[in-house]
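Presented sequentially are two complexes of subunit A, the first with subunit B as partner and the second with subunit C.
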Partner chain A sequence: MSLPPAVGDGAPEIELRCSDIPQRLDAPAWSSPFIDIGTDGNVLMRLGQHTRFLIRGGREVIVDEGAAAHMPDVETFLVGAVSGVLLHQRNDLALHASCVAIDDRAVAFVGPSGRGKSTLAAFLAARGFALLTDDVCRIVFQRQHVCVVPGSCRLRLWPDAARALDHAPETLPTGRSGHPKRVLVLPVGSVDPVPLAAVIRLAIDTRLKTPSLSRLSGPASVMPVEDLLYRARLGRRLGRRIPLFQGLTRLAGLVPVFSLTRTGDMADLPGLVGLVASVMTGG
Partner chain B sequence: MAGVQFGWLVSYPKSGNTWMRMMLSSLMSGGGSVDINAIDSRIGIATFAEMDEFLGVESCELTREEIAIARPALHAAIAADHDEPLILRKVHDRYWRTPSGGAAFVPDISRGAVYLVRDPRDIAVSYSHHRGSEIDRMIGQMADDDVALASATLRGKEQLPQPLGSWNGHVLSWLDQTEIPTLAMRYEDMLSAPTACLAKVAMHLGIDTAEAHLHAAVVATGFDILSIQENASGFRERQTSAMAAFFRQGRSGGWREQLSAAQADRIVDRHGAVMARFGYL
Partner chain C sequence: MNSTLRFELDTPVRWHPEHIAGEVNGLVVVLGMSQGKHVGFDAMATHVWHRLEWTQTVSELCDGLAKDFDGDLVVIRQDVIDLLTQLQELKLVEIGVGDLSA
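Moving on, here comes the complex of A and B:
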């Protein structure tokens, strides 16, 4: 599995094991077809017919025995949705972002699904940037610095995005059987947290001929919070409404937030390299 | 349920749904002007991002079937999280059920639906301009019972896959179901008597309104005003492959100049029974 590297003294932060787990939690505080949240904050996640996870106390992930035959599915959700739950349980701040770094400075591309976060990160990773994490971006505050903790470098790409990155989709493995998305595993860009130089919120406006970049300020930089945080509502259901908002506003007070509006066409990718570089150099 | 309910604005594509959305948007602000590029996106079509947020899952990692199964739960979760009693949403889906039999548009949380009908011959012309596709291809799509929107590769950019089906099947799926009270509204009648039509829609969806606001909303969303805005600043919802403006003509009967006799006949052969029901034949 392409899990992020261990850091610190090597003691495990998360225990991952395989066992028989129930289909549902008894009397959950909240549930959807995919998730039960227990009154104790434990989370049962159901994805597809075979893949279930029980996530407890921010420290323990139990994968259902039946999922063992579906390891790509397990891995896909482990580095995504399951990680998101763990981070909420651990009281960490996680952006919904893919992140790259250059010269020990990181930039996070933030936005809801479908805005091209992974595609842009992979494109930059092929042009001198190092990939730090895809989709789930854990933030730590170190004195007056905001840092990105390297996460999963297992990118999930739609076939059109894979082609735009010069990969033949059919040569890449799928992350889930029967699903068109492909997996591209890139080298881990860093083992240590990297200072975050900028947050770039991605938007798409098909009216544009060329991408457009602008600096955001005030409430506009962090609203709506659902567009920046990884699974904000899930976090709130785990009792984190106030810490999440505080964490995000603290971050926005320390790191410039930009809006990058793309044309909706992959052909705009080369033009983005310069724009991202200008943000990184404070231009 | 604390009384939060959906009002579904339903149509086959290119049947006046966007115009109705703008009229209602203006009406609910007391008849004020609208910015076509700043219409509340929450009135739009259901998205992957919503499914991520409301159901706590990575919906772009789900299969089409898994997404379909979860649609009723998505609607229930949106309603449960909403502050105001009425949630307006644009819909291009036909009326459909999940494999286990649940209605995608959950009747218990639906106040009503407005179904906009338009002469399919005009739709074929308008749709072909909108998509940048040949008219014959659009006529073929309108006859296809299995077609879905935003699902060719599951890469619908942002919108969830929407089962569409053929034009006549689409109309009948909504107007022959009895679970959600549905008001049928002809696009042609909206053109000839917009204020009266908007009043009916508002009444059906339980939107309190005053006569002056109805009139102001119709004026604020007149075709010329929407068209001028599009000419000046474009329209976000226009497809990049489109060959014409989104607000292109705003009239009915244009098919007479645009379709060949054979093309018009193909449409009538396939959809004649439903066309007759709405006075198009």
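Moving on, here comes the complex of A and C:
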């Protein structure tokens, strides 16, 4: 598996093991076809055809024994949705973001799925930026600084994005059985938290001829909160509505937030490098 | 409290206690716990919101704003009533007769 390397010599923070787990939780507080949330905050996830996870107390992840035959799927879910649940259970703030760094300063690309976060992060990583994490971006506050904790460096890319990045999609592994996205694993950019210099909210407007960058201020920088937070709805169901709101407003008070609207054409990727660089130098 | 009360100048108002507010770049963002909605305020609404921490009549609120901004009281009263109406719909303010200071 391509999990981030462990740091430090203390006891592990998360225990991961295989065991039989039930199809459903008894008397869940909330349930959907994919997730049961127990009254104790434990979460059972049914992801993919064969894969179930039981996530307890932000410290324990149990993978159903039947999923062991589908390790690529298990890995994808572990570094994605399962990590997100763990962070919520541990009362951490997680952005729905891919994050890169340069000169020991990070920039996080946030936005709903399909806005090109992973693609832009991969493009920048191929041009001297260090990849810190994809899709799940853990934030910590250290005194008056906001920092990104490095996470998974597995980028999940659509085939056209992989081609735009000079990777033949058929040469890359799939992250999920039957899913067209491909996985590009890059070196870990850092093992230590990196100060966050900017948050860039990605949008797509196909009417544009060239990408557009603008600084956001006030409520516009954090609303709608669902566009910035990882699995905000799940977090609310885990009782985290208030701390997520407080964490996000605190972050936006300390870190400049920008809006970057792409044309939707992969040909605009090179132009985005200059815009991101301008944010990092002037932001 | 009568949640459908029309605003009169002597109507007491204050912010609803079931909310969480934060500030970003000097402007208020409120999470209303009643409806679970996030609302962002511009500069004027932010100023009004800060004043709504204490129970006061609509008239007192408007008089204070007119003094702060050296503005036309008639215009301020209409703007404030419009704002309070929106906040009432979002259940972000408490409005009514009687003692709201408890």
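The criterion applied here is as follows: the second predicted complex is superposed on the first by the 279 of 283 C-alpha atoms of A that agree within 3 Å, B and C clash if a C-alpha of one lies under 4 Å from a C-alpha of the other, contacts with A are read in each partner's own complex, and residues count from 1 in each chain.
Note that in this section a residue touches a chain if its C-beta (ideal position, glycine included) is under 8 Å from a C-beta of that chain, and two chains touch if they have at least 3 such contacts.
These figures come from a predicted structure and were not determined experimentally.
*Asks:* After the match on subunit A, would you call subunit B and subunit C a fit or a clash?
*Replies:* With subunit A aligned, subunit B clears subunit C, so fit.
*Asks:* Quick one: angle from subunit B through subunit A to subunit C, Cα centres, nearest 10°?
*Replies:* With subunit A as the vertex, subunit B and subunit C sit 70 degrees apart.
*Asks:* Between subunit B and subunit C, which makes contact with more of the residues in subunit A?
*Replies:* Counting residues of subunit A touched by each partner, the higher count goes to B.
*Asks:* Who does A:250 touch here: subunit B (first), subunit C (second), both, or neither?
*Replies:* After superposing on A, A:250 lies in contact with subunit C but is clear of subunit B.
*Asks:* Have a look at where A:217 lands relative to subunit B and subunit C in the superposition and call it first, second, both or neither.
*Replies:* After superposition on chain A, A:217 lies in contact with subunit C alone.
*Asks:* Is A:225 in contact with subunit B, with subunit C, with both, or with neither (first, second, both, neither)?
*Replies:* A:225 contacts subunit C only, not subunit B.
*Asks:* Of the two partner chains, subunit B (first) and subunit C (second), which one does A:242 touch, if any: first, second, both, or neither?
*Replies:* So A:242 only meets subunit C here.
*Asks:* Counting only touches as set out at the top, which of subunit B and subunit C does A:267 meet: first, second, both, neither?
*Replies:* neither
*Asks:* Which partner does A:48 reach: the first (subunit B), the second (subunit C), both, or neither?
*Replies:* first
*Asks:* So if I take every C-alpha atom in subunit B and every one in subunit C after superposing, what is the smallest distance between them in Å?
*Replies:* 8
*Asks:* Show which residues of subunit B lie in contact with subunit A when the two form their complex.
*Replies:* Contact set of subunit B toward subunit A: 47-49, 52-63, 66, 69-70, 73, 77, 81, 153-155, 157-158, 233-236, 238-240.
*Asks:* Spell out the residues on subunit A that touch subunit B in their complex, using ranges where they run on.
*Replies:* So the residues of subunit A in touch with subunit B come to 32-35, 45, 47-48, 76-77, 80-81, 112-114, 135, 156, 158-160, 175-176, 178-181, 204-207, 226, 231-234, 237, 264-265.
*Asks:* Spell out the part of subunit C that touches subunit A in their complex, as residue ranges.
*Replies:* Residues 20, 22-29, 31, 33, 36, 38-42 of subunit C touch subunit A in their complex.
*Asks:* For subunit A, which residues are in contact with subunit C within the complex?
*Replies:* Interface residues on subunit A, with respect to subunit C: 217-225, 236, 241-242, 245-246, 249-250, 252-253.
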